[in-house]
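Working notes, beginning with the structure itself.
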Amino acid sequence: MSATFGDNFKVTIFGQSHSEAIGVVIDGLPAGIKLDFDKIDFELKRRQGGDKFSTPRKEADTPKIISGYFDDKTAGSPLCAIFENGNTRSKDYSELKVKMRPSHADYPAYIKHNGNNDYRGGGNFSGRLTLPLTFAGAVAKQLLEEKGIYIGSHIKKINKVEDISFDKVNIGKDELISLKEEVFPLLDKSKLSEMEEVILKARNDHDSVGGIVECAVLGFPAGVGSPFFDSIESRLSHLLFSVPAVKGVEFGEGFGFADLLGSEAKDEYYYDKDGNVKTYENHNGGVLGGISNGQPICFSAVIKPTASISKLQRTIDVGKKENTKLEVVGRHDPVIVKRAVPVIEAVSAICLYDFLLNE
Amino acid sequence: MSATFGDNFKVTIFGQSHSEAIGVVIDGLPAGIKLDFDKIDFELKRRQGGDKFSTPRKEADTPKIISGYFDDKTAGSPLCAIFENGNTRSKDYSELKVKMRPSHADYPAYIKHNGNNDYRGGGNFSGRLTLPLTFAGAVAKQLLEEKGIYIGSHIKKINKVEDISFDKVNIGKDELISLKEEVFPLLDKSKLSEMEEVILKARNDHDSVGGIVECAVLGFPAGVGSPFFDSIESRLSHLLFSVPAVKGVEFGEGFGFADLLGSEAKDEYYYDKDGNVKTYENHNGGVLGGISNGQPICFSAVIKPTASISKLQRTIDVGKKENTKLEVVGRHDPVIVKRAVPVIEAVSAICLYDFLLNE
Amino acid sequence: MSATFGDNFKVTIFGQSHSEAIGVVIDGLPAGIKLDFDKIDFELKRRQGGDKFSTPRKEADTPKIISGYFDDKTAGSPLCAIFENGNTRSKDYSELKVKMRPSHADYPAYIKHNGNNDYRGGGNFSGRLTLPLTFAGAVAKQLLEEKGIYIGSHIKKINKVEDISFDKVNIGKDELISLKEEVFPLLDKSKLSEMEEVILKARNDHDSVGGIVECAVLGFPAGVGSPFFDSIESRLSHLLFSVPAVKGVEFGEGFGFADLLGSEAKDEYYYDKDGNVKTYENHNGGVLGGISNGQPICFSAVIKPTASISKLQRTIDVGKKENTKLEVVGRHDPVIVKRAVPVIEAVSAICLYDFLLNE
Amino acid sequence: MSATFGDNFKVTIFGQSHSEAIGVVIDGLPAGIKLDFDKIDFELKRRQGGDKFSTPRKEADTPKIISGYFDDKTAGSPLCAIFENGNTRSKDYSELKVKMRPSHADYPAYIKHNGNNDYRGGGNFSGRLTLPLTFAGAVAKQLLEEKGIYIGSHIKKINKVEDISFDKVNIGKDELISLKEEVFPLLDKSKLSEMEEVILKARNDHDSVGGIVECAVLGFPAGVGSPFFDSIESRLSHLLFSVPAVKGVEFGEGFGFADLLGSEAKDEYYYDKDGNVKTYENHNGGVLGGISNGQPICFSAVIKPTASISKLQRTIDVGKKENTKLEVVGRHDPVIVKRAVPVIEAVSAICLYDFLLNE
């Protein structure tokens, strides 16, 4: 059980919402790489929120490089970056020490750590921990892009409003890249106003909504992965389920496979005119037997509605050992799906780059 | 990347469909345990098929204990069990050396291993490898049950026919246990004939169907797991996606979370009259922030329709590097969902018992 | 290959001699522990040098706790501590970019990292990295002592001057503890002046000396460890050889076993009057078959003479690809054995505490 | 804690002296390699004993390949080989259930496994487990030799009789290879009779002797390894200390470094006439800062005298909880140093090949 993930590109994260800082150590980063800090900053900003869809905690979110970088290049030794927790208001969290917020990690963390966990702002479970993850993912993305591998995603669903899905066979690289430029990435832009409406209604109702992010990876080579126990699906899902609020992961048709006959779900092969192996369809989302088959890798993750809502809820007081009620005050993100998009991409990049270093 | 899974209860599997044998090494098994071989045999039989829903390869499937067992108890050293591959007909597999079966691992394995993979009967990717997994899972189940932890499951969906879902709050232990006794485990038994019909139609049409397995775990203690990167969801999904044909995994409401408002998805706490912490609902399926909260752990996995269908399909000949066609002859399982049930339970047991040994 | 060590008490170190800071992440530290920062500071000071036996780089060496500590107790989440590199003089290191210091890691690091390694002050290979190791070891020591386990050591040899060895059967806890209080820990204090003389002569000659540290662990329970591949000897030596300048590790009689007959090397058992299992002798240093037998664990590590000496040496210029000469200017430790003592203890504590968490 | 070692070339061993079989799973073996079973057999025979220096248990020692090998080549999936335990006489071991053999693993294993360990013939701690290790090492050796890397060794010491040491700078490949052909590998053959005498005297006296094995590796590239925590020395020593009876490991001058001044221990570099980087001496045994420097890798391991001697010894009866005496009957190896030679080489090959797969 570990705060470290990766076989060769090892990522360790640490920190709590209100600790001195949060950060990440990346071990196994090849030496001699000039990091593109503009791109890193771009990814961190995508995660930051601060628009009408989110209620951001205003923070600098600027990485401070502690080690592993020398002469404007990676030095081959572990790269450590930290992010100071500047905006940790000294507000009174003492109520949350004993009153467990429903649908949050408070209670299981309380049990696991015998009441010693840092309960301020979610502690080590805070969504803020996705900041160092996004940093590490941005590094991995740069390294993948240098190998011609691109990751992109869109919001497939917000509450009951659905975007169309990726055309798993014909996703274009430019399409993926342009999605990153959008504040609210959609394939069918006409759905934007409807989704916006749903989100703003939730905000006004002191409620929240969830949704689905669909992700695609282009250019990933065939032949990477293992059947047991390190399939691409196994390791990707392992990391995706580390992202707070992710409650489901599917590849290709995913749960839709249940509705298909074998004859409807088949991915037949052919050589295209350049001699490349292609499939007519891509139901399996680019992975067979745990190994990449050279087609676009496609998967989706569902993000549950933000657990923090400004409504009075029933809960327990673990100090007095009695039933009680709690209203989590403050302003909350009415939806975190949008902010989750770069995080989903980041952990995918970490995982896939680690796979490539194993080859 | 590894054929071994587990931190303390480490399971290593090996073998191909047509190698001398397949097997498993379990390292970390506590010493002094008398294994219940009847229960192990029961689990292996559940996986075996041989009824009207499956076209089984008739095999003895009897484990041969090679090491780690002494004086009718585990000895503390690695337990190795092998299963001989008695029924490996010397039929001609040479066509499959070059013609890649669509939707199977053949092509990615060919690329990964430079054409040296054992292509007979799926080789190392064969569903037969779930036999040693089921063995290891049966051992883990016994150890979990000794701690009062029970795993059970039912078939939630076959093609478009749906069973009802578990009542995530009130699942009963007896209900879980009795599901194991059924050839085709369902909560709403009235759906059996409809599902049977769908399967037999697929068989007659030389086609196949997929489905969904829903699994529940009772008695698992609160406070187990980690937020990063070894959440219960991360590790369970890691192993579940190792099971051939699994293409999606979800916890609690899973993808259904997208449709819910925060106020509809909340799991409020209360102390019951015995002072136990309960939730009024269990949308999150017993896991919050990656850690168990003491409620039943609930999750589902989708199994794609059997890739082998007796229809002529388009594919490539990697020897001649040209497009071709292939009909995979022989009799195939029209559905593997039913046989997947004990395998899903087995990997879950392996994962959860490993978690407990970490505590 | 990893900057992380440990199965349950996982220690990750990062930093270079002249990076912004160096530090450590400890993952797996139990929650609710009040760290004794005075003891930690005491251990860090032992390592620091600054006396007549060393030429210390004057540095604050004060840990800054970044995360994992809350309300004056460990919070259960990863503890990160960093040490700023305040004293990194902006001196000209450019000569060392191309001229490889003999007996240092410069050349292999240059090859490994394609010339991108941070060559200033030894970079990631600097003895300064033993500072976060000593910090982590001090934490582990505190946790071991709470279980009645004590680690102590003395300088067994400086160049050709030898101290006596531990009486492996009768080492006393008080003896171990009092050794820590000594600037130059010896069993036979009469050897101090002779050792001092050897060291000062080396300093005056612009030369250096090495030596041997002997370490003992009291109170470690029997039955911990494994034969393959995680014997106590395997894991202790793994970490001991991570300490810069360690070139040999031996347990019990160690290399002296070669000179003994089986009948001279036997560790016969008896029950003492309190019913405890004891051995008449302890040739094996408390470990048999990789597992602790309840007797004191005894081992030694040899520290090579400081590689930096103020003498002109032959070497290569990897820029011009030609033979050249180099004199490493500056003042150097004439011996690092003394400063290695707390580091040897620290890694031993990390390793042994990790073992206990596995039980 | 694990019966598996390796990051990419993962070796798992299992079995007890008297279990059905013992064996090994090798995971990560590249596909498409035709194994040289003659060479494997040669290595297994070197380990076997059966001459006047050993009292071998006569066993076939023939590997049975269970999986991972297809069409006379490795298939890319885990290779499992087992060795049946044919010669397990049904003699009465019941005395050893309660009487702990001094200097053996019996007592710590009894404690660790609560009396459930397989005590017959040393169980999982038996030297017989070095058979699958030697098999895996022979595979690794073949793969190393295909890259021009050779491992060889000689007996540096038997009791007080010493062979000369390797010339660490000028060891020749042919010299290393020819050492393998010798029944008793020595650099100074004139020492053979004296060593033989010591061994035969020990046998006649119902006693045993130990010794030192020195090993050298030629052709290993510079730049492999890490400072923390996976130095070449760390990982080699980790595996070497897994070999039963190894109690000390040293690199280059090893414990001799204590006697040297820095000016005597320096390894100065030069470019030879072909532009290769060389050192004038090789005190450090080819490793600096944990990383290979391209010079021969040299190390020694001490093997303690065989613990089994035919003399009456004092010990405990853990059943009656009283002091007692025990004479371990049967014929024993008067020395195991000779049989350890191929095992030392085998684990070194496993470790070094694993390092290369990480690059």
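Just so it is clear, A, B, C and D label the chains in written order, and each chain counts residues from 1 on its own.
Basically, a residue touches a chain if its C-beta (ideal position, glycine included) is under 8 Å from a C-beta of that chain, and two chains touch if they have at least 3 such contacts.
Quantities reported herein were computed from a predicted structural model and do not represent experimental measurements.
Undergrad: Which chain has its C-alpha centre farthest away from the C-alpha centre of subunit A?
TA: D
Undergrad: With contacts defined as at the top, give the pair, A-B or A-D, that has more of them.
TA: A-B
Undergrad: As a quick test, compute the distance in whole Å between the mean CA positions of subunit A and subunit B.
TA: Centre-to-centre distance between subunit A and subunit B: 26 Å.
Undergrad: Just give me the whole-number Å value for how far the CA centre of subunit B lies from that of subunit D.
TA: 40
Undergrad: Taking each chain's centre as the mean position of its Cα atoms, how many Å separate subunit A from subunit D?
TA: A distance of 46 Å separates the two centres.
Undergrad: Considering subunit C alone, which of its residues make contact with at least two other chains?
TA: Where subunit C meets two or more other chains at a single residue, that happens at 1-4, 7-8, 13, 109, 112, 124, 358.
Undergrad: Which of the residues in subunit D come into contact with subunit B in the complex?
TA: Against subunit B, subunit D makes touches at 1-4, 8, 10, 12-16, 19-23, 25, 27-28, 31-32, 64-71, 73-80, 82, 109, 112-118, 120, 123-124.
Undergrad: Write out the stretch or stretches of subunit A touching subunit B in their complex.
TA: So the residues of subunit A in touch with subunit B come to 1-5, 7, 13, 100, 102-105, 107-109, 111-112, 124-125, 129, 157-160, 202, 205, 207-212, 222-231, 233-235, 237-239, 241-242, 244, 246-255, 257-271, 275, 277, 279-280, 283-285, 287-294, 302-309, 311, 313-316, 321-323, 355, 358.
Undergrad: In the complex of these two chains, what residues of subunit D are touching subunit A?
TA: 7-8, 227, 358
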